[in-house]
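Scrolling down, you'll hit the structures one after another.
Two complexes are shown next, each including chain A; its partner changes from chain B in the first to chain C in the second.
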Partner chain A sequence: MVFRAVIDADILKDSIEAISTLVDEAKFKLGPEGISLMAVDPANVAMVSFELSSNAFDSYESTEGEIGLDLVKLVNVLGMAKSSDKVGLELNEKTHKLSISMGGLSYTLSLLDLSSIRKEPKVPTLDLPVKATLNGNDLRKAVKAAETVSDHIILGVDGDVLFMEAKGDTDQVRLGLTRDELIDLTASGPARSLFSLDYLSDMSKSLKKVNEITIHLGKDYPIKINFTIANGHGKVGYLLAPRIES
Partner chain B sequence: MKFIEFAEICEKLEGITSNLEITKVVSQLLQDTDELKIVPRFIMGRIFPAWSAEELGVGPSLLYDAIAMATGTKRGQIKGVVRQRGDVGMACEDLCARRVQQPLFSSELTVKQVYRNFKSIAQLEGKRSQKRKVRMLAELFISAKPKEARYIARLVLEELRIGVGEGTVRDAIANAFGIPVNLVERGYMLTNDFGLVAVTAKEGVEGLECLDIKPGRPVKIMLAQVAESKEAAIEEMGEVAIEWKYDGARMQIHKMDGEVQLYSRKLENITKSLPDIVNLIKKDVTFKRAILDGEVIAIGEDGKPRPFQDILRRLRRKYDVEQMAKEIPFLLSLFDVLYDGQSLIDSTLIERRKVLDSSIKTKHSSKIIVAPQTITSDIAVIDSIYKEALSAGHEGVMIKNPKSTYTPGKRGKNWLKIKPVMETLDLAVIGAGWGEGRRANLIGSYSLACREEDTNELLGIGRVGTGITDEKLAELTELFKDLIISEIGKEIDIKPEIVFEIAYEEIQKSQNYESGFALRFPRLISIRSDKSMEDVDSVQRVQELYGKQKGRGVDRKV
Partner chain C sequence: MGADLRDIIEKKEIELKELFGKTIAIDAYNTLYQFLSIIRQPDGTPLMDSQGSITSHLSGLLYRTTNLIESGIKPVFVFDGKPPEFKAQTIKERAEIRDAAEKRWIMARTLGEEDAFKYAQASSKLNSQIIGDAKTLLGYMGIPCIQAPSEGEAQAAFMAINGDADAVGSQDYDALLFGAPKLVRNLTITGRRKLPGKNIYIDIKPEMLELNSILDTLNITSKQLIDIAMLIGTDYNDGIKGIGPKTALKLIQKHGAIEGALAELNESVENFDTIRESFLYPEITSTYEIDWEKPEEALIIKFLCDQHDFSEERVEKVLERLIEASAQKQKTLDHWSP
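So, the complex of A and B:
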C-alpha cells in the first residue's frame, strides 16, 4: 500500500482536531480520491464523519487501504508545527509506521492495530424536518453562553426563529436567530431537542473558523451538524443524540 | 451469555440466604454458561484472576463520572442518590432507569463484552487514561438495562453483595462437574484462577490433576499464624525450623530463563520498581526457571533495618527507580523455593530447603542470602535466636514445621510467628469524617474495622484521628478522595481498600462497635500499601490479644 502526501499544517491540524474531540483512536480509509473516516464516541452518543479530498493536499498519492491512528499522539505531534509549515506524510507499510515531517522535524508514529479500533458505525438514516444554515460562530456563541448557566441546551425552531435556550437551576439564557440573521432556514415540521453541552462544546471548538454550517433538527431527535473545511475540499459531519427532556 | 441473564441470576442469589441453595444456583449457572472462563470470577465479584496484576483502577469517583456521562445526570447529584439508596449498585440502577441522555444506538450487553471493556479499561495508561476509562465504562452503562447497571457498578467496585465467596464457587465447580472438592481447591491454590479451574474441571478430573504452578503466574503466598507459645509449637511439631522474622516486605520471585518478575504479597507485579533485585536474580540465581519466596529488607548504615516505610517507598515506585535503589539499598533474603524446573510445593520444607541452599551462586554476596535456619527442639535455642532477631531490630522469629508442604494462601499451623506481645493491628479503613474549622476540607478521622475470619465481613473497631499532622491529613485526604462512596453530613462512607497499621494503649470491650471491641488511644503507624483486605487482622485475633493483655494488666497492678 502506498500513501504519500504533503499538506498545509493548518488544514491537517483542523481536520484531525475535528475528529479527536470525539475519539482517541480512529480508522482512516485511504484512496486515490482522498481520505475519509467514520467514528462513534465511546459512549455511543455522538458520531463524526470526515472526508478530505486529494485536492486539499499540495501533493497526494495513495492506493486503497486503511490505517489506524492514535489521534492523541497525532495532535501532539502536529502541535509542534507552525501554521505556515507544510507537513509531509508517508506510510511505511513494512515497519507499520507513518512518518510525519515538518519544518525540519521528522516523526515516526506507530500505526494502531486495526482490529483494536471500534468498528465503523452504520449511519442511522434520519429524516429531520428542519434545516438551518448559519455562521459557525453563532452556534459557538450560543453554546458558550449556555455553559454559564447549565449543562444542557435546547435547540429548536419557533416560527421563523431558530432558538437556543439553556435553563439552569436559577438562571437562563436564550439566543434567537431570525430568518434574516440566518443564512437559510427551511422547516417542514416542528423541531425542539435537548442536547448535552459537554458534547456540543467539544464539537463547536472546530467551528471557530467556519463561516457556514448546516444543522438539521427534529423533535427529540439527534442533531446533524455539517460544515466544510480545507477551503471546501473537506467535509465534517457530526451527529449527536438528544437527551430526554425531564 | 447475555449479561442480563447473569444479572438476573445475581438478583436471584441476592434473595437467598441458605449457603446450600446459593451453591446450587451457582452450580447450575456454571453448567449453563458459555463463558466459563469469566463467569466463575464475575459471580464472586472479581474481574481478573487473583494472580493477575491487572486492575480496573476505577474507584467510586470515576464510576460516578461514568454514570453521569451515560445517564446525563449531574455529577453532584449522584452521591445523594447513593446515600438515599444506601448502595452504589441500586443507585446506578435508578439512574439508568431515569436516564436522560439517549444513545445513537445501543446493543444488548453480553458477559463477554462487559469483560472486554473491563480489560481495555485495565490496560489504559497515561495522562488521558482517566477520561478514557470513564468513556469505556460509560459505554457499558449506555447499553445497560437498569438491572444490568446495578451489577456492572458492583463489579466495578468488586463487591457483588450476593453472598458468593471463594468457598461457594469452589463447591459449585465441584458440584457442577462432579469433581471432588479437594481437587478443585488444589487447582485453585495452584493457579489462582477459578475461571481456568472451571474450564479444566468441565473437561474432567485428569486435566485438574495436571494443573500446577508455573513461573510467570504468581501463587498466593503461604501465611503464618501467631504462635500460642514456643512450647506448644515444639510439642506439636517435635523438631522445628527457626528463622528470623525480618522486618521487610514479602516478595515472590519468578525466573523464566532470562526474564524475572517480582510480585508483592498482594501479588502485584512490582518488577519495574526494583531493577536492582531483578539484576540480582539474573546474576546470582542458579536455576533457569524458578519460583522463590523471600523478603526484601532495607538495612541502614547502623546495620539495623530501616523503617518499614522506606521499603514501601520503593515497592511501587514508577519514577527515579535507579536513584531510589541507591538511596535505599535492599537485601534479599530467600527462605523458600516453590519451583526449580518442577513444582516443589508438595515436597517437605526440609527438601525444599536443600534445593534452596543450591539456588544462589554466591552465598556470601552482600545483597542476596538464603535466610539462616536452625532445626532444633530446644526451647533455649529458640529463645536465643529470638533475642538475637529482636536485638538486630527485626520482628521476631518464624517457627516452621520441617515436614510441612507449601500451602499457598493458607494461614495454617505449619508456619508460626513469634513477636513481642503488644503488637500493632492491621485494620481496614471503612469510613471517615470531615474535619472541623481549619481542617474542614480535610478528612480528620478514620473509621477502622477488623475482619470476621469465616465470612471476611468487616466489623467496626474504632476511629483514629489524633496524632496525624495537617500535612499528613492532606496527603491522606488525597489518597481517600477517589474511594468515597457517599457522604452524610460530615460522615463519609469509604470503599474498603486501604489498610492502616494501628498502635494502641489497650483493647477494650465495647458495645459501640460491631466487633465488640474498641481501641484505647489508637495511633496511625503507617499505611500498609503492601497489604490487602485479606490481610486485615481478624476479630478472633483481637479477642486473643485482648485475653493476653488482661493477664498483663493484672501483672502490672501487682
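So, the complex of A and C:
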C-alpha cells in the first residue's frame, strides 16, 4: 500500500481536530480520490463523518487501504507545526508507521492495529423536517451562552425563527435568528430537540472559522451538522442524539 | 468461583463509557460476595452497624451502583434461587472452607497477624439478612431485582440471549457456559483500587468477553467450551487433577468431546451428561419485568442511616448523584440505527 502526501498544516490540524473531539482513535480509509472516515464516540451518542479530497493536498498519491491512528498523539504532533508549514505524510507499510515531517522536524507515528479500533457505526437513516443554513459562529455563540446557565440546550424552529434556548435553575438565555438573519431556512414540520452541551460545545469548537454550516433538526430527533473545510475540498458531518426533555 | 477459563479466553479492556446506555444483567450473589470480601477494615472486620449486622454490601451497592448509573449503565440485579441438587456437594465443601477461614481469621486477628485480611476475605458468606437488605436497598434505589428460579448467572445469560440485557455482569466465566453472548467483568471494581495489605494502587478497567469471538478463536462450539470447563472443574464438579484450561482445550480439540478426553486420561467425571445439560438448558424463567424507578430518597436515608448507622451527610451526598444520574435523559444513536 502506498500513501504519500503534502498538505498545509492548518488544513490538516482543522481536519484532525474536527474528529478528535469525538474519538481518540480512528480508522481512516485511504484511496486515490482522498481520505475518509466514519466514527462514533464510545457512548454511541455522537457520530462524525469526514472526507478530504486529494485536491485539498499540495501533492497526493495513494492506493486503496485503511490505517488506524491515535488522534491524541497526532494532534500533539501537529501542535508543533506553524500554520504556514507544509506537512509531509508518508506511510511505511513494512514498519507499520506513518512518518510526519514539517519545518525540518520529522516524527514517526506507530499505526494502531485496525482490529483494536471500534467498528464503523451503522449510520441512522433520518428524515429531518428542518434544514437551516447559518454562520458557524452563530451556533458557537449560542452554545457558549447556553453553557453559562445550563448543561443542555434546546434547538428548534418557531415559525420563521430558528431558536436556541437554555434554561438553568434560575437563569435562561435565548438566541433567535429570523429567516433574514439566516442564510437559508426550510421547514416542513415542527422541530424542537434538546442536546447535551458536553457534546455540542466540543463539536462547535470546529465551527469558529466556518462561514456556512447546515443543520437539520426534528422533534426529539438527532441533529445533523454539516460543513465544509479545506476551501471546499473537505466535508465534516456530525450527528448527535438528543436528550429527552423532562 | 466457577470454571477458571481465564488462560484460554480472549478478553478486551474497555472504557466504562463504552457501556453508556447499556442494560447489564448483574449476577447479584457474585457481586455481593465481592463487596463482602473487599469492603473490610484493615484487620479484616467487615463494616457493621451498632446491632452487629454486616453492612459492607450495602455500602458497596450504594456507592458502586451509583457510579455505574452515573456512567449511563442501566443495571439489573439477578438473584440466585434454589441451587441445583447436584451442587449440594460443592456448597457443603465451600461452607467448610469458609468456616475454617473464619476460625483462622479470628486467631490471626487476635494475634495481630498481617494476613488476617486474607482469611477474613475467604470467610465471606451470604445469609438471608444480607440478601434481604440488599434487595430492600436496591428496591429503594429504583433498580430492578430479578429472582432466578435457580442459578442467577443462568437467568442473567438468558436475559442477554433474549435481548433484554446487552451483557451479563459477573467476575465468573460461567455466564459464557450458560450461553451469554457478552460478559463484562470488573464492573463493580472499576477504577483506582488499593491492593489489600500493600501500599500499591492499580487501575482496574472493565473487560468485555464476547462468546462468538471466543469460540471462533478457539475453533470450538459452545458445547465444547462446557466440556473444557468440566475437565478443569465447574461449580458442579471437581475437574481432573492436573488438567488446566490449556490442556483441556487441546484434549477437546483432539477428541471433539469430553468422552474421548476422559478415555485418554483414564479418568471420569460423574454425571457429566447432567452437568452439560444444566449448562445448555438451565432452569430459567421468561417472566420477569425490568423497570427502573425513581430513587426513594427518604426511604434510603431511613433504611441506611436510622437502621444501619450510615452517616447521613455521606448518604445524602451520594443520593444527590444517584437522583441526578437516574434522571439520565441522553439517548444513544442506537435508537435510530437501522
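Assume the second predicted complex is superposed on the first by the 246 of 246 C-alpha atoms of A that agree within 3 Å, B and C clash if a C-alpha of one lies under 4 Å from a C-alpha of the other, contacts with A are read in each partner's own complex, and residues count from 1 in each chain.
The definition used in the following text is that contacts are C-beta pairs under 8 Å (C-beta built on N, C-alpha and C of every residue); 3 or more make two chains touch, one makes a residue touch a chain.
All values derive from a computational prediction rather than experimental measurement.
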{"item": "Overlay on chain A: chain C relative to chain B, clash or fit", "value": "clash"}
{"item": "Touched partner set for A:104, first chain B, second chain C, both or neither", "value": "neither"}
{"item": "Partner chain in contact with A:196 - chain B first, chain C second, else both or neither", "value": "both"}
{"item": "Touched partner set for A:42, first chain B, second chain C, both or neither", "value": "both"}
{"item": "Touched partner set for A:79, first chain B, second chain C, both or neither", "value": "neither"}
{"item": "Touching partner for A:151 - first (chain B), second (chain C), both, neither", "value": "first"}
{"item": "Touching partner for A:125 - first (chain B), second (chain C), both, neither", "value": "second"}
{"item": "Contacts of A:239 with chain B and chain C, given as first, second, both or neither", "value": "both"}
{"item": "Listed stretches 367-375, 529-537 or 547-555 of chain B, narrowed to the one that overlaps chain C", "value": "529-537"}
{"item": "Common interface positions of chain A, toward chain B and toward chain C", "value": "40, 42-47, 121-122, 124, 194, 196, 222, 239, 241-246"}
{"item": "Residues on chain A engaged by chain C in the complex (per definition of touch)", "value": "40, 42-47, 118, 121-126, 194, 196, 221-222, 239, 241-246"}
{"item": "Chain C to chain A touching residues, read off their complex", "value": "15, 17-18, 20-21, 72, 327, 329-338"}
{"item": "Complex interface listing, chain A residues touching chain B", "value": "24, 40-47, 72, 121-122, 124, 151-152, 194, 196, 198, 222, 239, 241-246"}
{"item": "Complex contact set, residues of chain B against chain A", "value": "69-70, 72, 74, 98-106, 128, 132, 135-136, 138-139, 142-143"}
